[in-house]
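Labels A, B, C and D are assigned to the chains in the order they are written; within every chain, residues are numbered from 1.
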């Protein structure tokens, strides 16, 4: 159990995204970052003759972990919500979970940790894709600044 | 639902810690990092006359988020497990969750997000404290290097 | 003095980017992440009546710090270099440094730390923009996988 | 060139540490985090028969990178400076740079990237050790809370 949903419900300003959808994405991202960090390390513990084949998977795990962690932090901040920035980071996370999910899927049959990690990446990628249409597209950024919470009523 | 416990169960080398205990700590840390990031941002959205009083809380939130994220990553790696390093980082996380939990608790009655964040910090601090006796103490580090998974059988 | 350039020169595989350009971007990103973290904290230390006006700046600082740190890590990995992933993360960092640079620039006259942070953001944004044309565009990804270092000769 | 020293000089509140010493530590930490990330990836690009021997080094690199990044962020925040928290995190970073420096030093003759990374770890460890006596020891924490910048004059 995480506090993500409850934290959203007690937020003192308006959030322009459905709470359920947003908390699902954040939880998927933090869980995926953990799975990727653990999968990279599990790969490093595989027998010596397996290691070279796993080098790319390890690297994709590390990129995905770093990007998911940063994206979860960005989505956990709602003040001054800037759709262009959020969208660009979400797009990077979609690419990272896709790349890592594909890498891990190649080793799913040999390594159970890769199968689980691929599953976590795919779920996260899907949750991110579901979020995109709800982020105000860059083009409509005209009205964005005025929606920024900390600028209201100051 | 996270993948932490399942990732531990599919780890290809031995882990010198009870899986349940370890996965509980990792999940508490990632959840606490998220709650702290969200709480810092919620504080920034409070009315102007509340902000100065919350400055310290925001700073403690940010420290706690960074430290919990790093600690979760360190605990998610088991290869070459080094008790001194793990213990030192766990001690830092105990201090960070204690400091932030105390800070947030001061504002629990005024701000529901601070109450929730304090609760997450306290739970995480407790989970970390429960882990410490199970980490081989620094003094016994003599036998540590030989337990390092990737060095065995290579 | 950082080790970035030297680390690039001792890399055991080929790197498809000019070393000078790449090390400049990485150094700009890590420096910008530090400046943003420090600027957020400096804003929190400003007099009470200044704080509300700085809330958005603080939030942009935090987003920019997280995104620059993740981007520096991704660019510091060259194994299995995936142009689409790298490009998406670089685009997110361009947006983050632009957003934060603009936010800080609004307070440059009142706060010297905002002026310095805006300068760091602008330099980093420029370094990132200079890198983009040298990242193989997504469309040309066909030949990408074969350039991935760990997949060669395996 | 980084902005660390300049950011310190424009900080709007008092900092209870010598600016030169502090900025040197922060710069060493961010540089070390980058070197460790790059060294882990360089290790992954070494020939297949070298990889198993480097697994532990890679893991130590990753731990050290995560811990140095978090420590640099904590030291870049001066508001509400809490000596116990700062000291605990600095101690963890001393252990991380020591462990990783030792690991990399074992491969210094074979791998130039390990030699450079070991050097960065050792410099950072030394800079951190030089800082410790200047952090008010935990025992003297009595007067700490009152030094916290955001609590003054509020």
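Definition applied: a contact is a pair of C-beta atoms (placed from the backbone, for glycine too) under 8 Å apart; a residue touches a chain by one contact, two chains touch by 3 or more.
Everything numeric in this text was worked out from a predicted model, so none of it was measured.
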Those chains that touch subunit D and also touch subunit C are A, B
Higher-contact pair (C-beta pairs counted), B-C versus B-D:
B-D
From the centre of subunit B, which other chain's Cα mean sits the farthest off?
C
Give, as an integer number of Å, the spacing between the C-alpha centres of subunit D and subunit B.
18
Where the CA atoms of subunit B average out and where those of subunit C average out, how many Å apart are those spots?
27
Check: subunit C positions touching at least 2 other chains come out as 40-41, 44-45, 48, 52, 55, 59, 62, 69, 73, 77, 79, 150, 154
Chain-level touch network, classified as line, ring, star, complete or other
complete
Under the definition above, what is the set of subunit A residues touching subunit B in their complex?
1-4, 6-8, 10-13, 26-27, 30-31, 33-35, 37-42, 44-48, 65, 69, 72-73, 76-79, 111-113, 116-117, 119-120, 149-150, 154
Given the complex with subunit C, which residues does subunit A contribute to the contact?
52-53, 55-56, 59-60, 62-63, 66-67, 69-70, 73-74, 77, 79-80, 82, 84-85, 88-89, 91-92, 94-96, 99, 148, 150-151, 154
How about subunit C: which of its residues touch subunit B in the complex?
40-41, 44-45, 48, 51-52, 55, 58-59, 62
